[in-house]
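The two complexes that follow have chain A in common; it is paired with chain B in the first and with chain C in the second.
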Partner chain A sequence: MKYVDEYRDARLVRTLARAIRETVQHPWTIMEICGGQTHAIVRFGLDRLLPPEISLIHGPGCPVCVTPISAIDAAIRLASLPHVTLCSFGDMLRVPGSADDLLGVKARGGDIRTMYSPLEALKLAQTMPSREIVVFAVGFETTAPAHAMLVLEAQRAGLTNLSLIVAHVRVPPAIKAILASPENRVQGFLAAGHVCTVMGYEEYEELVRTFRVPIVVTGFEPVDILEGVLMLVRQLEAGEASVHNQYARSVDRAGNRKAQHLVDTVFELGPQHWRGIGELPSSGLRLKPRFAHFDALQRFAASLHPSAATVHEKSECYSGLVLQGRLKPHECPSFAARCTPDHPLGAPMVSSEGACAAYYRYRPPTSSAARP
Partner chain B sequence: MCLAIPGQIQYIDDDELRTGLVSFGGISQEVCLALVPEAKVGDFVIVHVGFAISRVNEEAARETLKLWETTQHSPHSREEPSSS
Partner chain C sequence: MSEPSPCTMHCPVPSPEADTIRLAHGGGGRLTHALTQEVFLPAFENPVLASLHDGALLSLGNGRLAFTTDSYVVQPLCFPGGDIGSLAVHGTVNDLAMCGAQPRALSAGFIIEEGLSKRMLEQIVASMAQAAKAVDIPIVCGDTKVVDHGKGDQLFITTSGIGIVPDGIEIAPSRIRPGDRILLSGDIGRHGIAVLSSRAGLTFAGEIASDSAPLHTIVADVIAHGIDVHCLRDLTRGGLGSALNELAISAAVSMVIDEAHIPVSDAVRGACEILGLDPLYVANEGRCVLFVPPQDSLRALSVLRRHPVSQNAADIGEVHHAPATPHARVILQTIIGTHRIVEFLSGEQLPRIC
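Moving on, here comes the complex of A and B:
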């Protein structure tokens, strides 16, 4: 496939790995934010091509993994109602809530549809006017424009049977939280290219100024990731801290203004709870007051009561540490033993972008013991 | 679900959502092109959850590859500028 295959070229990958080896002189800890990049790193063994000075640690960039358990429980509760059809991205279905998952509800007859595009929910709401269509709106900045468009189109069509559980998350507040933590070890970031495709990278310039840590906007193929690492290492070795853009074929500084405008029209910033991490200020989106009638939690407040305030994470799941890059998946005592993709204890074992799932798939326990 | 992949625009409808057909290595999918008003048939776009979020800049794409293709034939590759 064009713009994919050529960025997986083995010779280019080797050239880049060599350039990194020739540039590096000191030990550096680099975090890739995005689960898609984690997946590529583990799948293609890119970390194993790097010199021992560089350690890559995996960040919180898996929206499925950080969606709070209270939102999952709300989706489960609503999907169990006889007049509700719940639309969700496929990988949310097996994420454990406090007592159940959406797949369990579906097995008991709940009407749950997996969607590829949020606009599918629009068609469903039009063709099934007697049913309540609830959209489980999760994702990073990349996905937010699609949900904003859904709300605007539903408004335009005068639909009254469509609503959203909004559990969106934003990347920059997460980077800020990691850098502000006294335990922080990260010295440079690979920023998620597709988030920046939408948002640009002006917001990262402020982070770089405040924390003096270089950030490179990076794509998702092996050549992209290694070039991103090289661009970071060059800055680190030179004692510089700027935002550089490796992914120029898709990202410019301003981002997609049209998409940003859509998001700003429909949503406003608010605090958001990240599963395993906690609440981060301004890290989430919520519907603006004039779109409040699309808020599923308000519309079904009576059915959601008593609130699911007493939700519990499974204590043997260390996803919080994994999501903050403080524990590698295979270092979790439950990894591949009590926690597998068939019986996940935590969200990072479910999602295709979850670090635990990537390790399970590409680094089964025997090989990961050899070299992390 | 965060996946976004490049595909080539084959057809654009003139409806409100600027719906189009995008081919991903032979498999075609309906995509909303409203967020990339500048994109034309034949262009490559990055698609995420049924929405094109950017048009691929061919020149920038070629540059990255060219830089590293020439580097591997050159023994003095260390000081090559980055593609940013």
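Moving on, here comes the complex of A and C:
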């Protein structure tokens, strides 16, 4: 299959792994930002093809994992209302809130629809005028343009029964926070190819200048990831720090200007709480004041009011450390024991981009007693 | 039976000409009788059913009796490559075939939600009858119930089946041995993607047709060629990954499969790549795995490949001794030569965000 097979070519993978081994001379710590890359690394065992000098750290790029628990609790509260239909990406449905998840609400009769494209919500709002359609708008820069388009189309159609819980996050502030932390160990980044397809990589040039850390925009297949690592290691060994683009078949420097324009039209930057990490300035998107009537949290403020007090994270869950790259999933004491995909303590165990789910699914825990 | 005189008082019984199924069609009265006479009996026509006895009396001959039952719930009722009716025949025939049984007779239970169009019911019953005729296995008894609107999902079908396992045939997970080759009867994932794309209107998936098909003929042919089949398992909801995990647990063995040898069509792969699904866990309704001794594997493959339903059969791996750790039951050698585990699917596969 085109665009897949050539990037999963065993011979090319071996050639790249050899080139990395021949290039590396010093120990380097590299973070892959995106959870999709984490899954590819664990699924294909790419980290095991690397020389011991290279240590891969899994980054916070799992949109489901970093969505704040308060947003999930709000979605759960709204989905439980009899006149509300909640539209969500499938990935969010199993993520635990304070006390429940969206699949639990669905099982009790909540009207929750898995959407493949946010524009499906537009049709629902038009065909079910007596119901309130609430879209759980999560994701990085990848999904933001589609949600912006939804708002603009809803505005154009004059829909008054559609609103969004906006919990969008942006990658560059997260990289900045990691680099600015006194505990930072990351010396180079594999940036997320899909995010850069939309945003380009101009934003990363500023980060590289400030922190003198190389960044390689990288794709998601084994050949992509190993080539991205090779491009990083070459820079690191040469003492250089630039933004390079491995994923040139999809990404250019400017990105998708049309998509960016949509996002800029509808959203503005704001502080955002990242689950497990904390609040990062300018790391989120919120509706501009002229679109505030599409904000579900405002529209349903009365129904949501008492929920703020109920927010709590499970204390046994170390997903914050995992998301910051400070703990590998299998090093967590709850991993595969008290925390499994069937009984998750935290979001990274259930998301298809979560690091804990990747380790559980593809890599046996070292202790045989760890699993049921 | 003569037509009763028309009601003179206000009568809740709907008109028999109604084009939708009403509660009264399941009430056990005249409309139930009419539905049986008009829809089911002509479609499933056979002498045993026509006797309209409380039970079917069958002469089955020698051998051990295999007996299975399965319920079918699918939305939409009709999808590319099949419908709930053909599925209900193929699924139960396949369950019998997986025991090494020659299927002999099926029963069919219908739970119909009030409001289903009679035309839709007739279409599904016709498809079911056609599927049963194609495999030459009669539907010899059945039942119909109608539930209130909103209490069902249009139509549920339960089929049970009986078959005869010839003497000397022993096909069971307990016979799986280290060294056995694992054969897969064809490419995986078609049914799941066909249903998903017709449910969600995913036009990018193209017209991927379900693989729904009966497998008893290929099983009988493999056995007829003297191949000592140790175990068979049809791949249904949980896909190949879950089926192998179940068998590895039952047989207390581990298995190593080779990703490069697992056939997946480009259309299914493409849909899975876009949605973030793993074809190993996508549903199938006309595929099975066969465990055969290594010396029989080439012959088994050549027999399988003579049948259109299994023309893409492949040798995908080997059975090994019990795993060192319980979760390393099924190991996949990836396309790039590395190894990973294949776990049970947890819950449903959910499409990813980006």
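In the analysis below, the second predicted complex is superposed on the first by the 362 of 372 C-alpha atoms of A that agree within 3 Å, B and C clash if a C-alpha of one lies under 4 Å from a C-alpha of the other, contacts with A are read in each partner's own complex, and residues count from 1 in each chain.
What we mean here is this: a contact is a pair of C-beta atoms (placed from the backbone, for glycine too) under 8 Å apart; a residue touches a chain by one contact, two chains touch by 3 or more.
These numbers were taken from a predicted model, which means no experiment stands behind them.
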Quiz item: Taking the superposition as given, does A:Ala19 touch the first partner, chain B, the second, chain C, both, or neither?
Solution: first
Quiz item: Counting only touches as set out at the top, which of chain B and chain C does A:Gln246 meet: first, second, both, neither?
Solution: first
Exercise. Scan A:Gly90 for contacts with chain B and chain C and give back first, second, both or neither.
Key: both
Quiz item: Looking at chain A, which partner touches more of its residues: chain C or chain B?
Solution: B
Quiz item: Regarding the shared-chain residue A:Tyr360, is it in contact with chain B (first), chain C (second), both, or neither?
Solution: second
Quiz prompt | Touching partner for A:Met231 - first (chain B), second (chain C), both, neither | solution = first
Practice problem: Please work out whether A:Arg43 is in contact with chain B alone, chain C alone, both, or neither, and reply first, second, both or neither. | Solution: second
Quiz prompt | First (chain B), second (chain C), both or neither touched by A:Glu153 | solution = first
Quiz prompt | Which superposed partner A:Thr114 touches (first chain B, second chain C, both, neither) | solution = second
Quiz item: Once the shared chain is lined up, is A:Val64 touching chain B (first), chain C (second), both, or neither of them?
Solution: both
Self-check item: Contact residues of chain A, present in both the chain B and the chain C interface
Solution: 1, 4, 14, 36, 63-64, 89-92, 116, 138-140, 142-143, 194, 351-353
Quiz prompt | List of chain A residues in touch with chain B within their complex | solution = 1-4, 6-7, 11-12, 14-16, 19, 22-23, 34-36, 61-64, 89-92, 116-120, 138-140, 142-143, 145-146, 149, 153, 194, 197-198, 223-224, 227, 230-231, 234, 244-246, 248-251, 256, 258-259, 262, 351-353
Exercise. Using the touch rule from the top, collect the residues of chain C that touch chain A in their complex.
Key: 200, 202, 266, 269-270, 273, 275-276, 324-328, 334-341, 343, 346-347, 350-354
Quiz item: Which chain B residues qualify as touching chain A in the complex?
Solution: 1-6, 8, 16-17, 24-25, 29, 32, 34-37, 44, 46, 48-51, 53-54, 56-58, 60-61, 63-65, 68-69, 71-72, 77-78, 80, 82-84
Quiz prompt | Touch list for chain A against partner chain C, complex | solution = 1, 4, 8-10, 13-14, 36, 42-46, 48-49, 63-64, 89-94, 103, 114, 116, 138-140, 142-143, 194, 222, 340-342, 351-353, 360-365, 368, 371
